[in-house]
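What follows is subunit A paired twice: with subunit B in the first complex and subunit C in the second.
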Partner chain A sequence: MAMDPFTWSHWYAIGRLEDVPEGGTRKTRLLGIDIVAHRSSGEVTVERVEDHAPLAVQERYGHVWTTFSDEPKPLYDMPEFDEDGRRLVTAGCVTVRCSGLRAVENFLDMAHFPFVHTGILGEEDHAEVEQYCVEMRADVNEVWATKCRFYQPKAAATAEGGQMTHYKYRVPHPFSTILYKTCPIREGAWDLVGLFIQPRDEDLCDVHSFVLVFDEENTDTGLLHFQQTIFLQDRMILENQVPALLPLDPRRELPTRADASSIAYRRWLKENGQSFGVLAEEAVG
Partner chain B sequence: MAQGGALDRWVAIGLSSGIAPESASGITVGAYDLALWRGADGKARVWENRCPHRGMRLSYGFVRENRLSCIYHGWSYDGDGSCAAIPAHPGLTPPKTIKTQIFECVEQADMIWAAVKGTDDPEPAIPGDWTGCRSIAIDAPFDTVAGLFTQVDFQLTLPAGNGAAGPLTCELQTLGDGVYLIRPDDVRTCDALLCAVQPVATCKVMLHVSALLTGATGELGENLKLISNWAISLRRMAEAETSSAAA
Partner chain C sequence: MKLYDYVLSGNCYKIRLLAAFLKLDYQTEPVDFYPGKQHKNEEFLTINPLGQLPVLRDGDLVIRDAQAILLYLANKYDSERSWWPANNALRVGEVAMWLSFADQITSTASAARLHDMLGYELDVDAARSGANTLFRVLEDHLTDREFDGDDWIAGDCPTIADIACFPYTALCGDGGISLQPFPAIQRWVRRFTALPGFVAMPGINCIK
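Moving on, here comes the complex of A and B:
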């Protein structure tokens, strides 16, 4: 297995808080290792199945997080979770047969909206991706894509009719990504949509998705259905990319300008020594 | 040997009727993951099943006129594999370096055949007005299915139609690895059958069957049904042999 210190150093979401109810047990897998979570007297514990070694645990952002590392990199901050008036709606866990890194990259990509999310997040007559900005924020070791604009027929569950949607994307973790998009009902505010990806194996992941929005209109079920519709359209792509692991050599898969965020993400993974979920370097003709 | 699915030689990958104009589908030949598609011009093409952009299988794509577009980002490719358009950048002429990997593809005997570019294997040339009858998936190794044809006492157990049934005396000619031409003495159902075995996986093949029906006297639909049933009986034999070998 292609383990590397960068992968090892992170916290990973392994389920929602309610997925580990009082007295309950959740068996799952992380980075190729079987683990099990229990909750008793309100407290969640996680251990490795093989040797019962206890793992560190924290409950944040509506999810249970764990790490194998003795000195983990602190879990990234999302101050929006403390803001009043927002609703957190999780869409549950979807298992996808691909590297979790492929799922992050797909999430950062606007150019697929007209073809994969046709009539919802994009349409063929408005397929152009305008230039946007990509930054590597060295102080926090994060990748950001900002000033993203895209025409969307139905940008969110609350959206009525088409609009030019403004996006920001954040990658604070190799297996997490957050999208900030203009809130259709509150001017100046950003709605959050994010993925906490649990890499089960190099080529298999559980995707925990959430929205954190200002929305007084839609039911939780409505928001959940919107997320699930979008994500299941993405899954059809993710399970049919060849190879399942993410290649970092730019000669292996040819990018264009619209892929600036993907190029930055791949470069960032390479610079951080990511090898888990990455296609092993090989000679490219 | 064809077992590994090498496309160094020509392999039948389906009946011509299996792929309609302006459509695409996925085909497996051993380690090869292929996209088969047909343009509005009627020409079938076989490519590596991978968009050079982000690795998406092109068999999920869509065909308009004579271009195949990837379903992921709509990058579209001309028949020669060169990228013709990138929708995210409508004003951009795609660089010539963006090309799919293409395979040789011909249609003969109402079947589609593919091979790697520059193969030494001569292109299939099987004259006659053939009718594709049946493609059937068989859970058996290539050699087991090929062995049904190459055994010394091969008999065509095709019911003759018109009331006459039973094994027919026939002449069997091996045209290539897994490609057999069968000429029965009794031509009431068909003048000849062409059977081509496509290796898929270690224990899976596709058997494609076309027929020459010019001299057949039986009713067409009935003849096709008899040939189809014969293919099913071959599958039964091959799968029985495979499971008894495994036991």
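Moving on, here comes the complex of A and C:
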């Protein structure tokens, strides 16, 4: 297994808070290792199945998080979770047969909207990806794509008709990504949509996703159905990508200008020594 | 008319398909099947004591079971009697036989999909192997139909038998089952997605 210190050093979501109810047990797998979570007297404990070694736990952002590291990097901050008036909907975990890194990269890609999410996040008559900015924020070791604009027929569950949607993308963790998008009903506010990916193995992942929005109109179930529709459209595409692992060698694939965020993400992974979920380097050309 | 609906359910999709083909006006009531298991809560059990989707409410009538709802809608709203060929005893028998077959596709191919996608604990090898056995039967049948110059499961036009068999067959890749060994099924899937009024759902490949 291609384990590396960067992958090992992070916290990972392993289920929603509701997935580990009082007295309940959740068996799962993280980074190729079987683990089990249990809640008693309100406290969640997680241990490795093989030797019962206890792991660190925190409950945050609607999910249970754990890590194998003795000195984990702090879980990234999302202050929006403390803002009044926002609604959190957690969509549950969906298993996808691909590297979790592939799922992050697909999430960053606007060019697929008109073809995969036709009539919702894009339409074929408006397929152009305008130029956007990409930056590596060295102080927090994160990748950001900003000033993204895309025409969307139905940008969110609340959207009435098409609109030019403004996006920011953030990658604060090799297996997490958050999208900030113009809130259709509140001027100047951003709605959040994010993926917390739990790599079960190098080529298999559980994707936990959430929306954190201002929305006075839709039921939680309405928001859930919108989110699941989008993600399950992506799942079919992800399972058909070859190879299932993410290639980091820049000579492997031919990027276009629209792929600037993907290029930055791959470069960032490489600089941080990511090898878990990455296609092993080979001589090309 | 109101459909208690879950977007990722192939059984609910059967109803959305027939409603689209018949251009019916209806509302949906979204149910949190996953992860919330709302279809098993007390309130929903008063609507369907079996705790299953879909359920259709039409006026005072509450009707459950995808195949039963297809029969009801086709009989009530299809004035041309093409989706349920009620005037032809032979066709009725054939369509009914394949409606029942569709339920077996649900208990195998749909089960494999729930396992692979949403983490349901079940015997996925048995589910996949059961689905492959059924797909072999459907493949042979559709091949015979093509030899006879017909495109559909029963008769010379699509019926609710095609609608009932379509979703979990077309979605079988979600459960790790390939349609590669079944070329006649693949051709039938492509014909189905090209029907006027066809609507998609996530996981259905509509590339023409």
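Keep this in mind: the second predicted complex is superposed on the first by the 285 of 285 C-alpha atoms of A that agree within 3 Å, B and C clash if a C-alpha of one lies under 4 Å from a C-alpha of the other, contacts with A are read in each partner's own complex, and residues count from 1 in each chain.
Quick note on the criterion: a contact is a pair of C-beta atoms (placed from the backbone, for glycine too) under 8 Å apart; a residue touches a chain by one contact, two chains touch by 3 or more.
Computed from a prediction, not measured in an experiment: that's the story for all the values here.
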### Message
What does the overlay on subunit A give for subunit B and subunit C, a clash or a fit?
### Response
fit
### Message
Just checking: does A:A258 make contact with subunit B only, subunit C only, both, or neither of them? Give me first, second, both or neither.
### Response
first
#### Entry: Partner chain in contact with A:Q131 - subunit B first, subunit C second, else both or neither
neither
### Message
Going by the contact rule set out at the top, does A:T95 touch subunit B (first), subunit C (second), both, or neither?
### Response
second
### Contacts of A:H112 with subunit B and subunit C, given as first, second, both or neither
first
### Message
In the overlaid three-chain picture, which partner chain does A:T25 touch, first (subunit B) or second (subunit C), both, or neither?
### Response
neither
### Query
Taking CA centres, what is the subunit B/subunit A/subunit C angle in steps of 10 degrees?
50
### Task
Considering only the touch criterion stated at the top, classify A:R16 as touching first (subunit B), second (subunit C), both, or neither.
second
### Query
Is A:T229 touching the first partner subunit B, the second partner subunit C, both, or neither of them?
second
#### Entry: Minimum C-alpha separation between subunit B and subunit C after superposing on chain A, in Å
5
### Summary
subunit B and subunit C footprints on subunit A meet at residues 236
### Task
Name, in rising order, each residue of subunit C that touches subunit A in their complex.
6-8, 30-32, 34-36, 38, 116-119, 173-174, 176, 202-203, 205
## Note on the structure
In the complex, the residues of subunit B that touch subunit A are 33, 49-50, 52-57, 60, 70-74, 86-90, 92, 97-98
### Query
In the complex of these two chains, what residues of subunit A are touching subunit B?
109-112, 114-116, 124, 127-129, 236-237, 240-243, 247, 253-258, 262
## Note on the structure
subunit A contacts subunit C in the complex at 16, 18-19, 90-95, 97, 206, 219-222, 224-225, 228-233, 235-236, 239
